[in-house]
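You will see two complexes here that share chain A, one where it goes with chain B and one where it goes with chain C.
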Partner chain A sequence: MLSQRSILSSSSSSSSASASAATSSSTSPPTSLVGSPEWRAHIPRLLRTLLPAFSLTLLLLAIFVMQPRAMSYFGLNLMLNLAVPIALATIAQMMVIAINDLDLSLGAFISFVACVAATWLNTHPVAGALALLACVGIYALLGALIHLRQLPAIVVTLGMSFVWSGAAILLLPSPGGSAPDWLRTLVSIKTPWVPLAIVASVVLALLVHLLMVRSTLGVRLRGAGGNAQAVAKSGVSLFKARVTLYAFAGVFGVLAGLCLVGLTTSADAGIAMRYTLLSIAGVILGGGEFVGGRIAPIGAVLGALTLVLAGSLLSFIHIAPDWQIGAQGAILIIVLALRTLANRIGARS
Partner chain B sequence: MSQHTHTQGLVELCHVSRSFGQVKALSNVTLTIRRGECLGLIGHNGAGKSTLMNILAGTLALDEGDMTFAGQPLGQDYAVNQARALGVRCVFQELSLCPNLSVLENTHIACPEIRGWQWRKQAAAQMTSSLDQIFPGHGIKPQHIVADLSIGQRQMVEIARAFTAVDRPVELVILDEPTSSLDARVAQQLLSFVRRFVEGGGSLVLISHILDEMLSSCDRIAVMQDGHVVEVRQATDYTRDSLVEAMGHAASPTHTQSDVRSNESSVADPTASESMTSGASNAPLRVHQASGPAAHTPVIEARQGQIIGLAGLAGHGQSAFLNKVLMSRQGAGQVAFVAGDRQTEGIFPLWSIAENMAITSLKGLSQYGLIERQKVMAMANQWQHEMGIRTPSVQNPMGSLSGGNQQKVLFARALGASADLILMDDPMRGVDVGTKREVYERIQAEAAKGRTFIWYTTEFEELSYCDHIYVFRDGQAVEGFPLSELSEARVLSSSFEEDVVC
Partner chain C sequence: MNRLMQATLNRQAWAARPWIWSYVAAVLVLIATWSFTGGAGAGELLSGALSFSAFFAVAGLGQMLVITTGPGNIDLSIPANIALSGALAMKVMNQQDSLIGLGVLAVVGCGLSIGLFNYVLIRLLRIPPIIATLSSSFLVLSVAIVYGRSVRIQPPEGVYQFATGKVLGVPWVALLVMLLALMMAILLKRTRLGWGALAIGQNPRAAALAGIPVERIRCCVYMVSGLMASLCGLLLAGFSGGASLSMGEEYLLASIAVVVIGGTSVGGGCSNVPGVWGASIFLYLLVSMLNTFGLGAGVRMILTGCIIIAVITAVSGSAVSQAKAR
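Right, the complex of A and B next:
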């Protein structure tokens, strides 16, 4: 079947080689190399992609059945009131997870930003804005430090969480302060038809999807998380990739803090401490993975919404707030189990 | 290509050298890659092929020497991006695609020139045309995620990606073992494309262990050995046998030969008598290989007191075989393993030397589940003395030792355990000569006491310490012979594929 000789002589080889290729491809069965039908290979991926949307829909249906009045502009607004800052925090966390790191300081950082926004940004807008810009700069520097010294991100960010907490307490020793008026009006805009939280979530998801999935920059950044060596051999700077991702995390962290303080109108030093774990859970719920550069921005936003709504559902079915955190954990485990199941189905087919 | 450029060198390497620490991976290599030719690069493990291709691709800098591209000298700052700009592409042996990205996204990683609003469409079109050209009937869509593709398809993507020209033509492509995970039909598609590419004026460097592939596809073949290019000739001047012979003429053939002789007398004799007596009482370890061309795959057999050598090119299933033996015998606790890749599967760098040694023998060194420190220290001190580990105290952390001494600790760990079967996964990587000699002696002494060794090695000389040698190729032992029949030519010819079997 194989004709090794045909390509040995260089003058006539072109025609004979292509002829042999043509005969070999015509004699062999015309199946594609995948072997099974095209769509079947994509079932697991499809299942995984749709899982966040599916769990959110299920949750919404459950809520609407339990509490039909929630199915209104007002009801949705009330339930999703705090969804946007959590979605922003989840996106920030996703940026760090994209390069196989984990940010344990995110909650403390967002609390600090909220404190800055409730104090300096209100009284000295310019200084406040500069402080927030510096925050983004510090995040970029953290990325540089982690990359250059090859430090474990978990340790560095755990240390930073105490720094941010301390700074927040120095800034605002007791709960108080007040959000700038423009911020308060901005987050309480009444959009027609659907509440602002939903509009903002959709816009956020689509923008980050464009940035991280559709753009060439996003491809390079995710590639750095997927196979760092290969990307480096192609001439992409891993240093730049990590610094960029950390800077993005800083930007979305700042936005989360601003949004949060706009909604709550005042701040305290521990206002967003639980955001660290919520944001990680949101990324994972949304189909992201801790390693391998596998992230899904739309899924991450859906994951954040799921977590927020899970809280509402638990209140509707009269589960005491003491149990809610545990119940949220249970939901997380169930979704992860479902995902493993989807992977198994994929492995079998 | 016009006539005069055809003979001109596209890339010229002049007295190029590159070392890694003590090891000289490339020394004084002078080589020309002409326009419109396919240059074959062949040689045994560690001959310097990979280093050479990394230097060409700009992923490694050269220590000494000069390199010119189309007559222009390349400066010290020659790196990946400049190589790309010149039209030099490289397909590395280890797959270098991002599994989390789609085929077209991976194309962008390698071809950053594809950008702008329509970049997805552009990348998809480039990739499809490249794949269609090289592998007609490939069945790969640019939107597929790489993780979902089979290993062969991934290799096809990687090869096709190297041939996508965006801004400027592709001048030189380096293919390292490109057919290793392709089936015969697809491999043939690639080889005929290689000829078409070369006839179109492109240059290509092909590294392969399949001799017939090299002989039929290359215009010239450069044979490498110990970091030197020892011979460059027209491919038509070579036959299978003369190629093997060219690879096998070791730099110091007399030394190797005498090594074999001297060890034949010292090792083979005592163990031969041993295996006669013990072989009857103690059944030998037999490993039947699962599949393959059943007719000539030998059963690997290790008798008590024997040293079994596993040879062949790196990564052809030797380590996997050791792993299989390890897993199947682990329950009995009668097996110990000496890692070659010290840093990842051998040492605990922060633990003390004593703790590193005792880890596999803890059962005998503890009482009521608590470790008896005196016994550990006694064992550590004894083995420090026996192996000659150079350290002021065995309480020092493992990380404080040199590589050779760390390896001695790993040997002490295996020998100190009660195991009667010891597996060694190329343990002498990066170990100095003095240490090697000491360890070789130790292995022979232990074998004489009745312990069995299975030793995977990439160094030919080490095979001369073994009683029986099996050569691995494509995940299987393809040939086995006793020490008396050992010759470098025999190992080489079994390591390199004879023919594509259909």
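Right, the complex of A and C next:
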């Protein structure tokens, strides 16, 4: 396992913590990193890792200056209410991006899950649960198909977006349905001191970090995206890696749909269509990259929160709704520009 | 032994022309539709296919050039570009035939500048084209929403006539696509830009070492893609009697699907002009076949998705065996 970690130490930028752990395991005498030349090499990685947290803090500060009342249990709850499904969707997208693919059907998939939850899961819980399990199975099958036939994931998932949308329309031709009571209660629990949305985001970020960054399985999966040849030679099946990642994406997509329908209490066939683009943007904002298995679970959740709060900020400073999409694009470009800047500074030092 | 060799040769000949599959698929769908309707409305179906597929093909040709330059290169700003260009054209032309020239100029400028903006983002921010064109499409869509919000403006008579008219039973737009496809083929096979794009798609490092101006060519490629998308926006607005914000939506899937179904390699370095058109015709015929069968919207969408995935699987399968044969 040690050898695999050192293969990956050059490609994993997921967090400074794991990177330094990997580096210290590859250089046999574990010296203090601070003060050594190695520390300088970590500056760009550190800057990149801190950037999502930095942009989120900046955004929060701006919101509190504009609207001091937002800094309360109620205000935060209101702003971050819909953050959890978006964070879950972002994690789902991250799983697919980890193997250098892109899922353009995620929004349609989450809409379909929401429709299932608002209809079957409510009336026939067993059938509903089986349908959701089947959804995860379909995701795993897609991963298998894409791997075996070497298909472009973009086209396959674009095709699947039609399939999910069509199925959602069949299930719920007009907006309606109603979420199961247990789901509604679950997502509206009043946690003490800190709103549920924040607690859930923190738990999600840490759990996925453990799964994808710290665990052996996670290292193997990311390695499959980072250096497929090296990982395959070390005896890991690339086929299994892709199928596993797609199944994970399906699981988190299902969770996102359940969470969303619990919050909105009813569904329609196009309820989550914008999640496709939001989730991609969230992964990128969080420091993930499209190639090389470089993913950052904590950053991805922060990125999703940033996108949600950006919407609130834009409405606080009275930007016309027409410009909101454009402003999101602009925020994306600014963050990416900052990241390039951070990389340049790192390269210079 | 001889027969075996003959079979291998035949197989190679088929594999060398992957665009044939898109036409085969189109003919199969056509036969299925005709056998359902008993041949009624056959002429209308064909001429409809020729005009509607033209819009897919125009946007697809630009996308094809971008995809040719290698893995990761893709233009997701096409739908937003179509929405903005359509609105811009209708506003500048202001229903007057005398302003058509000015409108076309405006559309060409708009398309080229969106392409240039995409490239600048990719180059300056060093981000993957997917996310660069995605962010720029957010901005372009916002501009289109703000700019094109006023009442729907009808196209001038000249544009409407061109977009819907026919000569000897063949739609003008189909002839335009033939012209554009021919130009694209010449561009790819006979110019430095085209050779460069193919070379970059096959091996960017080797291309750079061979002295090909990689960055200049990538810039041109994105600008051509922007130009094609905006021309598509103009034609579409002329055809449907005015621009609408959502008219570009389906072109995200369509522009990529026609390129891949048409036999262009997703890995880059190998493009296929006739295939784009065949795949566009197939895509239109597929949708109209499902309409003819009188299915509900949901079933229709499911079938569309499944058939696209099936065709992609079949087409890429032959590409895989072709690669193995080498």
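Following the convention adopted for this analysis, the second predicted complex is superposed on the first by the 313 of 349 C-alpha atoms of A that agree within 3 Å, B and C clash if a C-alpha of one lies under 4 Å from a C-alpha of the other, contacts with A are read in each partner's own complex, and residues count from 1 in each chain.
In this section, contacts are C-beta pairs under 8 Å (C-beta built on N, C-alpha and C of every residue); 3 or more make two chains touch, one makes a residue touch a chain.
All of these numbers come straight from a predicted model, not from anything done at the bench.
Using the contact criterion defined above for the overlaid structures, shared-chain residue A:L151 touches chain C, although it does not reach chain B. Using the contact criterion defined above for the overlaid structures, shared-chain residue A:R222 touches chain B, although it does not reach chain C.
By the touch criterion stated above, A:F162 is placed in contact with chain C alone, chain B being left untouched. Of the two partner chains placed around the shared chain by superposition, neither chain B nor chain C is touched by A:P192. In the superposed model, A:I325 lies in contact with chain C only, and not with chain B. When the shared chain is aligned, chain C comes close enough to touch A:I333, but chain B does not. By the document's definition of touching, of the two partners only chain B reaches A:V236; chain C does not. Considering their complex, residues 1-2, 4-8, 10, 13-14, 17-18, 20-21, 24-25, 28, 30-34, 38, 41-42, 45, 214, 216, 219-220, 222-223, 225-227, 229-231, 233-236, 292-294 of chain A touch chain B. Chain contact summary for the complex, chain B toward chain A: residues 57, 59, 79-81, 84, 90, 92, 95-101, 105-106, 108-110, 112, 114-115, 119-120, 136-141, 145, 148, 150, 152-153, 184-185, 188-189, 191-192, 195-196, 199, 212, 215-217, 219, 236, 500, 502. Put simply, chain A touches chain C in their complex at residues 102, 145, 149-152, 154-156, 158-163, 165-170, 173, 277, 280-281, 284, 289-291, 320, 322-330, 332-333, 336-337, 340, 343. Across the interface of their complex, chain A is touched by residues 72, 74, 121, 124-128, 130-131, 134-139, 141-143, 145-146, 149, 252-253, 256-257, 260, 266, 296-306, 308-309, 312-313, 316-317, 320 of chain C.
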